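In what follows, chain A forms one complex with chain B and a second complex with chain C.
Up next is the complex of A and B:
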C-alpha cells in the first residue's frame, strides 16, 4: 500500500512538467494551427542553457528559469518569423515536414556541438528530500511540480482575463471574425508561438536538474506531449492537465510494478496515444 | 519515363561496367542507393495521399528483423516475403486506426510507432536485445552479386508500383485524398481504403528493402534497424528530388545516398544535421525539388 501511494506521488509530481510542455504544444497547435515536431527542441535549448550557465558561470538553475523563458521566447518568435510564417498557407504535409526537418536539424546540431553524453545540472539541493510520514518527496521534483502548476495557473489567468489572452483565444476560434473585430492575427501568432516555446524552455531547465540535458531529451517529450494532447483533444487546454496526469501515473505504475519495466516505461506513451486514437476513431471524430 | 528506364538500365548493368579498382566500392554504394531509393519511393506512395509517414524507418526495421529472424529457418526468398508481410501487418495495425482521423494524428502516431518498436526490439527476448542479431548472407553466401540484384529487384518493384499508381486511375483517387478529403468523399472515392492500400503497399516495399539491407549488413541492432535516420532519409530523398513523381526520388536517391557516404566519413555522428537543413530549405525554397529546378512538367 505504501509502495502504491509512493508510486502515485511520484507520478503526480511528474505530471506537472508533462502538463507544462504539453500545454505549450497545445497552444501552438490550437492557436497557430501548426503541428510542431520541434517543440521538444525548445525544451532541449532550455536544458542546455541551464547546463552551460551552471557549468561555466555557476548560475543557479533557479535563475536560469527566467533566462530560459526569455531565450526560448526569442528563439520561438524567430522560428515563427523565419520558418513558420512562410508555410502557414501551405498544405499540412509541408508544414509538418518543415517542423520535423527543424527538429532533426536542431537535435543533430546539438549532437555535433555537445556530443551524445547526458549532462546533469547538480546544484547543492539536487538530492534534498522531504519526509512526509512514510513517504519521500524529492525537493526538486516537488519544486518543479509547484512551479509548473503556478505557470499553468498564470497562463489560465492570462487567457481568461488579459486582453491579449482573449485575443489569442479569439484567433484560435475564428481567424476571420477576430480579424473583423480588429485583432491582428499575425502578432497574435508570433506571440503564441513564442509563448509556446518559452513554456518548453522553462520545462527544459527543470529537466536539466531532474533528468539531464542531452540532444534527444526533447524529442521524447515531443512524443509524450503529443500523446497527452491527443488524449485531451486538440485545442482543449483544460484537458491537458488531467491527460498529463493519466500518462504520468501510467508510467509510474509500469516502472514500479512491471518486472524489467525500466525500459518499457518509454513505450507507455505509445499505448496511451494509441488508445486515445482508437477511442477517437470509434466515435468517428 | 525515359529517364526512369535509363536509370534502371544503368543500375542493371553496373556490375558489368569496367569500373577497375572502384568496382567493389561502387557496387556497395550502388546497393545502398537502390535500397534507399526504393524506401523513398515507398514513402512517396504514401505521401501522394497527403499523409506524412514517419514510420518508414519502422517498416524498414520490421522487414529487417523479420527477415533476419526467419532466414536460418525458411530460406532467402520466403524470409524476405514474410519480413515484408510483417511490415505490412504493422502498417495495417497502425493505419486502420489512425487513417480514419485527421492527417496529423497519423503523422504523430507513425512517429511514436517507430520509437516504440525500437524499445520493443531492445526488450523482447528473441531479438537479441541491445547486443544485436547476426544475419546470414542471401542464398548461403554462394552468389556474390545476389545482394545487389535483390536490391535491384526491390527497386524495380518500387518503380513498377509507383508508375502504376501514376498512370492508373488510382492516381486521381490519391490526388483527391491529398487535395481535399471532403471533396474526394463526395466524388465517391473511398478515402480510408485508398490511404490504407497506399500505406500497405508502401510498407511492403519498405519491409523488402529492410530485409535486403539485413542480408547485406549481416548484423542488426535496434538502434540501427529502427533508427530515425531511415525515416528521415525516406522522406528527404523524394522531397529533394521531387514529390509525387517516380523520377524525382530516383534522382534524389543517387545524389543524397552518395552525399551520405561522404558525410559519414567527414562528420560521422550528426551527419543528419545536413538532412534536416536540406528538408527545411527544400520546403521553403524548392517545393518541387530537383525536378522542378530542371523544369519538370507537373503542376
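Up next is the complex of A and C:
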C-alpha cells in the first residue's frame, strides 16, 4: 500500500512538468495551427542553457529559469518570424516536414556542440528529500511540480484576464472576427509561438536537474506532449493537466510494478497515445 | 464621419462580382443596401472592411484612402463590421465576447460599452456568463451587433442581421440598429428583408449583378414599381 502511494506521489510530481511542456505544444497547435515537432528542442535549449550557466558561471538553476524563459521566448519568436510565418498558408504536410527538419537540425547541432553525453546540473539541493510520514518527496521534483503549477495558473489568468490573452483565444476561435475587432493575428501568432517556446525552455531548466541535458532529451518530450495533447483533445488547454496526470501516473505504475519496468517507461506514452486515438475514433463513430 | 465608395470593382479569383459601385454613408444615418442573392452585397461589405482586396476604385473614410490597410487597422479607424454568419467566439462567454469588442478598439470605455449594449439588448445582460455558442440564433445576432458596438465604431456595416430570425425578433434587431444610428453612428445595413429594412432606413441602394441600379430615400424606393415588383412581390 505504501509502495502504491509512493508511486502515485512520484507520478503526480512528474505530471506538473509534463503539463507545462504539453501546454506549450497545445498553444502553438491551437492558436497558430502549427504542428511543431521541434517543440522539445526549445526544452533542450533551456536544459543546455541551465547546464552551461551552472558549469561555467556557477549560476543556480533557479536563476536560470527566468533567463531560459526569455531566451526560449526570443528563439521561439525568431523561429516564427524566420521559418513558420512563410509556411503558414502551406499544406500541413509541408509545415510538419519543416518543423521535423528543424528538430533534426537542432538535435544534431547540439550533438556537434556538446557531444552525446548526458549532462546533469547538480546544485547542492539536488538530492535533498523531504520525509512525509513514510513517504519521501524529492525536493527538486516537488519544487518543479509547484513551479509548473504556478506557471500554468499564471497562464490561465493571462488567457482569461489580460487583453492579449483574450486576443490569443479569440484568434484561435475565429481569426476573421478577431481581425474585425482590431486584433492583428500576426502579432498574436508571434507572441503565442514565443510563449509556447518559453514554457518548454523553463521546463528544460527543471529537467536539467531532475533528468539531464542531452541532444535528444527534447524529442522524447515532444512525443510525450503529443500523447498528452491527443488525450486532452486538440486545442483543449484545460484538458492538458489531467491528461498529463494520466501519462505520468501510468509511467510511474509501470516503472514500479512491471518487472524490468524501468526500460519500458519510455514506451508508455505510445500506449497512451494509441488508446487515446482509438478511444476518440470509437467515440466519434 | 463619412464613408465613401468610388467605382469599386472586386471579386474572387477570376470571377468579378462588383462592377464599379459608388455609395456613401454619413454619420447618424441608416442606409439599406438591398439586392437579391448573389448581387454582391456581402462582397461589398468585405471589400469595405478589408477582408477582400479591391481590384479598382477607392474606399474613403473621412477622405482617407483605406487602400492596403488590414481589417484590424480599419477597425481602429472607426469602421465596424458585423460579418455574415455572426462569427462569434463560441467557447467564450457573452461578456468575454463583448470585452474583446472593446479591448483593442476602445480600451478604457468598456464600462460605458457594456451599459450601452445591455440597454439595447437586455437579454444579453441576463446571459452574461453563458457561452456564446449556446445562445439562440437571435441572441447570437444581438451579441454580434453588441460586440461590434463595444468598439464604438463611427461607421457600422451589418450583414443580414435578420437571417434565421423570427419576424418579431428581426424587427427587434432592426429597430435596435435604428437606435444605434440615432446615436450618431452611420449604419450600412445589408438585408434580404426589403420591406422591413426600408421601414427603418432613411436611404437605400439597390444592387443588381454588382452594380447600383437604384438609389434614393427609403420611402421613394418603397414606392418604386421596380422595387415593389422585384423585392416586395406586390
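Here is the rule we use: the second predicted complex is superposed on the first by the 284 of 285 C-alpha atoms of A that agree within 3 Å, B and C clash if a C-alpha of one lies under 4 Å from a C-alpha of the other, contacts with A are read in each partner's own complex, and residues count from 1 in each chain.
Methods note: a residue touches a chain if its C-beta (ideal position, glycine included) is under 8 Å from a C-beta of that chain, and two chains touch if they have at least 3 such contacts.
Just so it is clear, the model here is predicted, and its values are computed rather than measured.
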item	value
Chain B versus chain C as contact partner of A:32, first or second or both or neither	neither
Touched partner set for A:169, first chain B, second chain C, both or neither	second
Contacts of A:263 with chain B and chain C, given as first, second, both or neither	first
Partner touching more residues of chain A, whether chain B or chain C	B
Partner chain in contact with A:17 - chain B first, chain C second, else both or neither	neither
First (chain B), second (chain C), both or neither touched by A:92	first
First (chain B), second (chain C), both or neither touched by A:109	first
Partner chain(s) touched by A:183 [first = chain B, second = chain C, both, neither]	second
Touching partner for A:280 - first (chain B), second (chain C), both, neither	first
In the complex with chain A, residue positions of chain C that touch it	49-51, 70-72, 75-76, 80-81, 83, 87-92, 96, 99-101, 103-105, 107, 147-148, 151
Touch list for chain B against partner chain A, complex	47, 50-52, 54, 97-98, 100-105, 107-109, 111-113, 115-116, 119-120, 122-123, 178, 228, 232, 235-236, 239, 267, 269-273, 275-280, 283-284, 287
Touching residues on chain A, where the partner in the complex is chain B	35, 37, 83, 86-87, 90-94, 96-98, 100-109, 111-112, 116, 220, 223, 226-227, 230, 234, 260, 263-264, 266-267, 269-270, 273-274, 277-278, 280-281, 284-285
Of all residues in chain A, those that touch chain C in their complex	160, 163, 166-167, 169-170, 173-174, 176-184
